[in-house]
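After this come two complexes, each holding chain A, first together with chain B and then together with chain C.
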Partner chain A sequence: MLRNRRKDALVAAVLVAPFLAIYLLVFVWPTIQMFGISFTDARLIGSGEWVGLDNYTRLASDPRFKTAVWNTAYFVLLTVLPGTVIALLIALGVSRLTGRLQAAILALFFLPYILPVSVVYLIWDWVLNFQFGILMHVFDLLGLDRIPITKSRTWFMPAVGIVTIWWTAGFSILLFLAGLRSIPAEIYEAAALDNASRWTTFRRITWPLLWPVTTLVFTIQLIAQLKIFDQVYLFSQGGRPNDNMVLVYYVFQRAFQQDQGGRAAAVAVTLFVLVIVVSVLQFQLLRLAGGRK
Partner chain B sequence: MTASGMLKAAIVATIGFAGVARAEETVVWWDFLSGGDGVRMKKLIDDFNAAHAGQIKIDATTLEWGTPFYAKVQTSAAVGEAPDVMTYHASRIPLAVQQGVLQELTAEDWSTMGLGEADFGQATWDAVTIDGKQYAVPLDTHPIVLYYNKDLLEAAGMLDENGKPKGLDSREGFTATLQALKDNGVKFPLGSVTADGNFMFRTIYSLMGQQGGELMTDGEFLAGDNGEKLANALGVLAEWTEAGLQSTYTDYPATVALFTSGEAAMMINGVWEVPTMTDLAAQGKLFTWGAVELPVIFDQPATYADSHAFALPANQGKDMTPEKRAAVLEVVSWISKNSLFWATAGHIPANGAVTASAEYAAMEPNATYSSLTANMIFDPKTPLAGVAGPIFDVMSTYFVPTLNGEMDPTEAVESIKEELNAL
Partner chain C sequence: MARIQLHDVRKSYAGQEVIHGVTMDIADGEFVVIVGPSGCGKSTLLRMVAGLEEITSGQVSIGDRVVNDLEPRERNIAMVFQNYALYPHMTVRENMAYGLKIAGMSRPEIEAAVARAAAMLELEPYLDRKPRQLSGGQRQRVAMGRALVREPAALLLDEPLSNLDAKLRVQMRLQIRDLQQRTAQTTLYVTHDQVEAMTLADRLIVMEKGLAQQIATPHEVYTAPATEFVAGFIGSPAMNIFTVTCDDSGLLLPGGHRMPVPGLAARGEVRLGLRPEDICLVEDDSPAFPVLLRSIEWLGADAFGYGVIEGSDVQLTLRMSGQTSVARGDRLRVGLPADRLHFFSTVDGHRL
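Our next item is the complex of A and B:
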């Protein structure tokens, strides 16, 4: 069929234009401005004087920035891989169920994901609260000492990590389930005819065919967890905010509490670059690892 | 209907409305009062609207206290979308002035309101003044006080003939009272918000003030022996924790719950919890209770206080009409002059005429603790101070471990000093 290429291109442009306009206006343009502001001493609102690289060089000797980098890295370590593995295991389990039971169980696992973070915080505060938390009463029953979980440096990040996995696993489970369902049943039937064991079936069929989804889940998790803020902010309210500092929290603190837009922008740019580098690197590595098979 | 028909209808409707909307000014109002005091403020607003029917109407919205409120005010003022009037903490005024968020209140404004320096306490007036200019009208001062459970204290023999706790005059005396309560089987003699360093700033700053200490002198934090005074203040509280005399790792709601359920015999908390107590007592769900000025642990009485004030945001690119400004000033003035009812929220009205009234003198427990107004200390005047400000976060990070026996007070003070001066 003959097509008018020029006309097609025009239609495409018209269809893409609204998205492009909004994308440029509310994402690209502010990002460019953020880079600009990071070289000034601007307050939260308005412009400032050019200060060159000052905002960046002072990060090197800024103890709170160091705490933030360390805590963010620690949190990523605690949540990304464990979160992906747990979601995969649950998805494998759920996929063995059928019918209504499967739907019901899936709904149970997905339920936390639809909760707003403030509700998640409240639920877990009722569990972990030192004076009234349910978990503390369990500790009492077992004869253990109560632990001020959200107020101690040792337990804060692991606790927030567990809460985060509990909260967000549902979405990863859905992705894994979709991946599992897209593997044709004939392959499993063929494997069954060949008398393949369950483990072999998983290792030789499920795992390699699921690899693209695993890569995707892992990358989504990594980016989301590098941007951790809400849970840390809520759980450290009134507690030890500066000990629990993570990068986005630090941006918030500099910008909204200390009215230092320039310094906040410098931290934000650093995080932006970090997220890009880490996720591109990670995605490429996983792709290579997958390709080798 | 055709397009032109719709346009005509719209024009007619607009003209019609313009004709109906006469002189009534709507004053857009934001506050952060969501607790028991918020309920009382709503009543005051309703009373105002009733008294000014057809002239002025307050359109009030309550927002989240703390950083969310102040971030919203700042961003909305920058684009001309801030309200006409809002509540503001006096401790946040230095930062607000630096940010250019507030309008100055001129001498003319004050005379329109029929209020002035003479109507307020010196410390309160100073708290809203920066470089000789006023930026807000104080509504109240809200200090912290010592709440106590009369039944438990009486059972331990720790109530004096005036029905106040014994040992309010010295560190040894107060510790002895706490110990006596403990010996008498009280689980937590003192309910303390030990999980919330933000909150404990108020208590600790008071204890510093009791030694004549200051947080900031000549732009430097904890200079000279002020660091030592902070360490002393932390030391007393750490000592009570070690002796098992106060609740550990307890956050704000839990502290109030420990006290109201009778597990904690005393509690240091803001006067804004008075409505909680009066309301519970009215329902017959509370023991006999009282509230007094903080015990004098060191050399002199001193109590931390902040002030709720009314401020006019500096809306960028939007000039207030003289009629609107007059309406706003009337709102502020009327509420200030009718703030006796506000005292039922526990706060001490800032307007001197109100606190001098016979009705106020008869109001309990306010009358018992209002002696503390002579000993009030406010936050240092710096853009870093104020509720939910940067000083709070630094302090909180070190207060929590110190108050719960994880960190040595002198070590905490060293780190606090370093971090504060690096802000």
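Our next item is the complex of A and C:
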């Protein structure tokens, strides 16, 4: 079929234009602005004086920024790898079910993912609350001392980590299941005839063939958890936000609570660079590891 | 290497029986082909031997062991799948070595076995490639190699050539036959292609609707089909089969033509089978019946004539020499070779 290339290009441009305009307006332009503001002493609204790298150099000696970096790193450690492993285990389990039972169980695991974070917070507050939480009743029954989990420096991050895994695992499970389903049944039959035990089959067939999905899940998790905010914000209510500080929370605090747009922008830029570097690095590393197999 | 015995093997899915009792003894080193139309249960039967499908009742033995309750891996068999089922993340070498490695064979032994199989299948240049870098025919050979390298008690092949183009299929067919004869490997081969079945098999199992209609050598299946189904399924073009009436003097054909056939045992209405090549044109005044030629296909060495018996709508296929001078629209005089007639019961289709 003969086609008018110029006309095709025009149609394509017209179709892409609305998205492109909005994307440029509400993402690219503010991002550029943010980079600019991070070199000024601007407040939340309006522009400010040029201060060069001041906002960045101050971060180095800022204790709250340090807390935020460590807490974010700690949170990533608590959630990304365990979350990926748990999702894989659940997906392997669900994939062995069939028919409606599989659909029902999958739905149960996916259900938390569709909840808004405020509902997640309420559900888990109902579990963890020092005075009324059902977990505390369990502690009482077992003769353990009650722990003010969301008010404790030791328990806050692990608790939020568990809540986050519970909340977001559904999506990872779905990705793993899609990956598992794309492995043809005949390959497993061939493996069964090749004398492979279940564990060998997993290690030598399923795991390597699932590696691209694992890499994807891991990367998505990593990016999402580096940007942790909502859960920490909600669970810190009436608690100790400065001890539970994470990077996005710190941006929020600088910008909206302390009216320091410039300093907030500097933190945001730092996080932006961090997310890009870490995720690109780990994606490449995981891919290389997969290639060697 | 071992013999395989099936005794009254049956398979049901949710109370619905799909294999109605197959009994067969496959000798050590024998090449047996299960052939039949799609949905006849041939793959299911093979998968029951492999252990990929449960056996509802009956008994399967490989060697001297009853394997009914053994896992596939405990049966010491190898299988070639229709889609090859190669491990996509392993090289050709790793694909072939995988089973041996799991079996705990030493590295030098594995390398020797893989090298032997690769040489036999001309796969040496491709040993370090991944399956996706290979053509269909090469993948098929890797699948064969992976199966043969283990020197299993029995080799099972499930439509292994159906994904190849026609020319490659012929090549691989010859290669498989050659390999089987060299290795004397007990082989069970499933296909819907009657040419593959006829050329490869020492013996055939012709299946239809979950029943083994005939278990015999290709020659026997062709010359003495056990049922009307087998008669119609094996042979190309298909056998002409139509209803005739037998009496003391001979046959009454459709269209009211009477043909004297001496010494007929059958009486009354029977199904008459006639291979297209057994129908002869009659030049002299020996007994014959008229056939109107509707069309003719010339294939070089052969010509196929398609006609109807005059006075009826029974169609008849004739195989003639490529040199024939008959043409469309001719009225042919056709004779029946008394020793090449096949009679089947109108009731159950069995050979009379």
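The criterion applied here is as follows: the second predicted complex is superposed on the first by the 275 of 293 C-alpha atoms of A that agree within 3 Å, B and C clash if a C-alpha of one lies under 4 Å from a C-alpha of the other, contacts with A are read in each partner's own complex, and residues count from 1 in each chain.
Quick note on the criterion: contacts are C-beta pairs under 8 Å (C-beta built on N, C-alpha and C of every residue); 3 or more make two chains touch, one makes a residue touch a chain.
All of these numbers come straight from a predicted model, not from anything done at the bench.
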item: Touched partner set for A:140, first chain B, second chain C, both or neither; value: neither
item: Touched partner set for A:195, first chain B, second chain C, both or neither; value: second
item: Touching partner for A:209 - first (chain B), second (chain C), both, neither; value: second
item: Touching partner for A:8 - first (chain B), second (chain C), both, neither; value: neither
item: Interface residues, chain A side, partner chain B - complex; value: 43-46, 63-64, 129-132, 148, 151-152, 237-243, 253, 256-259
item: Complex contact set, residues of chain B against chain A; value: 67, 71, 74-75, 78, 95, 98-99, 193, 195-199, 247-252, 254, 257-258, 383-384, 388-390, 393-394, 396-397, 400-401, 404, 406, 419, 422-423
item: Chain A-touching residues of chain C, taken from the complex the two chains share; value: 50-52, 71-73, 77-79, 81, 83, 85-89, 98-99, 102-103, 146, 150
item: For the chain A and chain C complex, residues of the former touching the latter; value: 184, 186-187, 189-197, 200, 204-205, 208-209, 293
